[in-house]
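Going in written order, the chains are labelled A, B, C, D, E and F, and every chain counts its residues from 1.
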């Protein structure tokens, strides 16, 4: 199994969720994060004092999937998260050793 | 070493923490997340406009452990996080390549 | 590739970011977390009722890097995050199977 | 279902005709008699607005103390008391409280729907329009049941709450207000209560105790961490309450001049002394002075000076404020040992404070200020009167409130189910969330 | 650039000399004539302060409803109306509205820069200084354009907003205020509007409708989730508005006594009835009573009672409040079917409420209260007058507001670009963020 | 420990007997003399309530600007000034400021504990009870030290703060209030200060400068990002301050009528002009108009118009407001070059604003309004008087405040340790947290 985590722009979040559910993904977890990358931040001035805001708000989506769904999932995220502008974000793929559903105790792919 | 991450219901959080410390786990990290899964969300109506709240607040707990503790830890989380209702959450298990304690520079299992 | 995640103290965050950019790291992601560990929490009393605050606010930094940068990155984080007091935090290292840049579709080390 | 609907149509028709009659009847306000004083009327209308503001102030005060998931439900308890009790007041509450006396126990229904309550000054306040007195008093009726809501915060059903406050106001507030301010038996006995130590704080505080005992503690009480979710909100509420309390106490002079000035000054001193005392005691006792403690101490001082405000002088107010800060502090810090969960300390602050202040009036009232001496100025009888007042109001409030709660519980249930309590009232009962921040 | 600069220096010099002249001219306030009444003046100044506070109250009311990323931009719309319109008012707005009448349509510029507006009472209010009347009325001019901002929240350019409110106030508010309160043609026709049902709520509410239609809906409207980001903030705003509304309506008596008392009482009853009605209807219709609904219902009740406040009695206020709560509820719940995005319901609450209330005054005005009878008391003509008033003000507001918006759009553009809308107004337009919590 | 305890018991007994005596002594308020005017008294009590509210308003204004970890500690600085200074005021502050004059420098202790301060009007304000004047002035004494707390926010020990404000009020505020308002030497010299440009803003602003220099900058100042954590809270505070300022300035007429009206109008114009000017300058200078700038500009305008409010006309207020907005903007934007960390700009807004406004009164005072002409109306002497006043008050405040701070520092230390500063004052000093959201 794989854990696919994608750091995306806030306003693509809803589209990504829709696109994923459309291909049958029924579970995912989302986390608010702050991202730092090629997309530069901006200055904010408060009463004459300047602060550089370097970290921009992003959403991180975590989706656990069986290996065979990997390509489809990546494809779908790439399409739905992309705006073409800098800062669109990244997808990180991890190997997942095991998954357990707490309610039933099921393990492995069944638990996803 | 393993990184065990469990997505659980908010109000089970304190019980899970207690159960883990009872078996000698001295460190963990918790993160507020929003979960989407079989447990359906709910509708909220604001001044006549309906919004579906699909993502529910959950807590993600991350515990790094030596391999030999894995079974005990899983067992304890399963018991303490379970309510039997849908949405109890999931446990994801990753392989952890290394751990370092920043204060001392210790590495590996000693650093946990 | 590796994913290095470091749980550090809030007020070291800026130094760690600076140190990492100084060695050429151009991307990272930060998340607010609550940590529980050897560093004990504190009591808060609200109108005569005592609550123990066990989880302390920490920042988790995630940096994806090519394998060969691992040592340098660890070194830099260790130096910049360390205060020598308990609760300085931990670094966890994961194997990263793949990285994709959403904007361009690049994969692997190029995408970092 | 069908039947029910018909019934309500009939009721509605009846209500409509009643209102229709009153619409024609009530405007018989010939202004032939005494012209109201412009300064006095301005002061009472300002005071009425200030007291109105106190209830949303209380909403913020309480709302900041609960957990995030219950912030709207808690705010709503206070907020909805404004419109619900205001309508009860103009229809029946005012006449029950201040209408022509029936044997010292209750007002008659003669002024039902404000019938006959016009712009000519009444004997209650000879320099302001009768309706100004009516609306000013109505604001007191509004905030009193809202105070109780602190006792059962985070676990009461909203529907039951609505029924509860309607019954509570009609059967507890209105009679007690009549006893003391409407010329009833306690007034005749010589009990003094300048701005509601008994009528507002003892009734609500003692009822809060009954409510906390009957409804039971919150799930997880003393085990889970339940710190206030937004203390700056609570401080904002405190500020609004302090500000509004000037209208509450100094407005109770029902005129603008010497008495309102004295009540204003003693109110501020009582609040200041309560706050400073609380902070000192807390600092000694717990090692740290808290903002939450300062906020609580100020409300304790304000609640406590209320019955005495227009009867005592500045230095007596200082003493009363010191008593408020220290005794209410002890009350709150003993709470966890007593086992009931008066969640937002409606009893510990208002019940205890109201009792201290009512005694304080009996001790320190000075004839030089408002015609009546207390024990300290040589009149022990006044203290006895006050103790009788406390006993009567406390027992009546406790017993009747317990009965009302038991009845409401039997009919519709007081408490939300466990799932609702876990998820939070906001989402389950109201289908909305406080913050998307 | 150079030229431009010179130009503005010249302008500036001109302005300075004009102000210089006015500084010398205006203090010719010989106090020889009637002394103002202390109570009346206190009441009007308090009322002016209360109405001032309503605009920041509106800022919080609206600010809590938008998404987090637009909280400051939204607050700023309301907040900046205070200084901008206040300066417009003292320079030209007051004289256009209340200056010597020109054919019933507009005030002359005789009182430009408050020239001749001194401390001697005017015919508008014979017991208070003329300047007190002026500043009190100025607070109404301030809040009215701010109300409109709810219609185009989260997507209008700040620069265009500034131009818009200046034009809107000068070309819509000032004339309409003159027509009704400045002795203009609608006043002569016999239209009554106690505290601004037409002048404030219909002008702004109808303009809001025009604005929502012209500017178009927010990106993602009805698709994305856009719940209010901070409802406790909205409740705080509601509380401030209700509090301030006592100054708005009861202050409109322009004196302290019987009329101010009656307007105070009817205002409170209207608000209470609006809130309770809203909650009942919502509970039946949607299954859950919401805090947001209670807040909305109270503002609907307040807006609706406004034109009738000093003309009707308490029971009529009850009926008007019930109408407000139910009809505005229906208006808001029909909105999504109509397609325009009046984001914070400026039309649904103020436009609809203002119309109902203006009709309500025509139905229930009672000569026993303020000299004029409505239909219910045997004078059908008054209802006709009111309908003419509504028609005239609504058509004028809609057409002129549409023209102003089209002109501003053509000159500088009304709407932010998509990137700004996505990122949020706070960061892009103002370079700041609401919260770092 | 034992000894200490005994000592405090003894002290306490002494205090108790003193209070006991005063309780008997003070209520000698025979009302035989002049009856207070109801309208004037209503206005002053309302104004006192408004000024009271300003201090929690300041708490929110400042509280929103700091980092989340210090929100309660910052709020507490302002909030605790209310009870602490109020008690100081009734015990010794009032008599030091307004008691019988000793050689033009200080009031005698004759009115210790309000002894002899009763309900009969005093020569300070002949139409309101003496106690009304006392409590109104007390609210000014409360807010002034709280203003200073902006200079050392996020790093001062709470215990030292308590000592500091007690000393500061006794040794700086009370004497300076006496000099100018208590009939002291500056009053005799002809310095005018309507509502506290010198007494409130220059004393606190200059002291803030001294404090910022002595306590040193926050750890990480100009390196770490320290944006305001909650700007809507700051806006709420701004709104409350603006609202309260009507009581502050127009209440300083000490009566209700022409003068209060003029001060009300100039106050509003000054604030409006300050806000608009700030926004224009900021927009030109930085490219973006900010809500935080608008809030700051309005407070600058209000602080600046304060000394002139009851002496100048509306157009002069406009000029003063424009000066406030532009000069204070420059002051704040030069701060980072000057090296000290006046964290929340207590000097930049209040010090600078107070000086400009005091000069403004010397320039634009008009005898037609309040009997005194300034330079513009042909009396250059008044400007000289004002400059002397500024010099005397600024030097006195700076020197004495520096001495007080040094003494407190030597005795108990001014600044928290680094660990506390890093963790935040809320958790370490107060053991509580602002939000669990």
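In this text, a contact is a pair of C-beta atoms (placed from the backbone, for glycine too) under 8 Å apart; a residue touches a chain by one contact, two chains touch by 3 or more.
Remember, predicted model here, so these are calculated numbers, not experimental data.
Q: Any chance you could name the chains that touch subunit D and subunit E both?
A: Chains that touch both subunit D and subunit E, as defined above, are B, F.
Q: Which chains are shared contacts of subunit B and subunit E?
A: A, D
Q: So what's the Cα centroid distance for subunit A and subunit C, whole Å?
A: Going by mean C-alpha positions, subunit A sits 18 Å from subunit C.
Q: Just give me the whole-number Å value for how far the CA centre of subunit A lies from that of subunit D.
A: That gives a centre separation of 51 Å.
Q: For subunit E versus subunit F, what separation do you get between their C-alpha means, in angstrom?
A: So the centre of subunit E lies 33 Å away from the centre of subunit F.
Q: Return the residues of subunit E touching two or more other chains; collapse runs of consecutive numbers into ranges.
A: 37-40, 42, 46, 225, 227-228, 230, 236, 256, 286, 288, 290, 292, 431-433, 435, 437
Q: Could you list the positions in subunit A whose residues touch two or more of the other chains?
A: 31, 44-46, 53, 94-95, in rising order.
Q: Hey, which chains are touching each other here?
A: A-B, A-C, A-E, A-F, B-C, B-D, B-E, C-D, C-F, D-E, D-F, E-F
Q: In their complex, what parts of subunit D are in touch with subunit B?
A: Residue list for subunit D touching subunit B: 223-225, 422, 427, 431-433.
Q: Touching residues of subunit C toward subunit B in the complex: what are they?
A: 2, 6-8, 31-38, 54-55, 58, 60, 74, 77-78, 81-95
Q: Going by the contact rule at the top, pick out the subunit E residues touching subunit B in the complex.
A: 222, 225-228, 286, 288, 290, 292-293, 296, 332-336, 345
Q: Once bound in the complex, which stretches of subunit B touch subunit C?
A: Residues of subunit B touching subunit C: 3, 17, 26-31, 64, 94-103, 105, 111-112.
Q: If you look only at subunit F, which of its residues touch subunit D in the complex?
A: Subunit F reaches subunit D through residues 19-20, 22-24, 26-29, 31, 35-42, 45-46, 48-49, 52-53, 56-57, 59-60, 63, 71-73, 75-76, 79-80, 82-84, 86-87, 90, 113-114, 119, 128-129, 131-132, 134-135, 138, 158, 230, 233, 236, 240, 256, 429-437.
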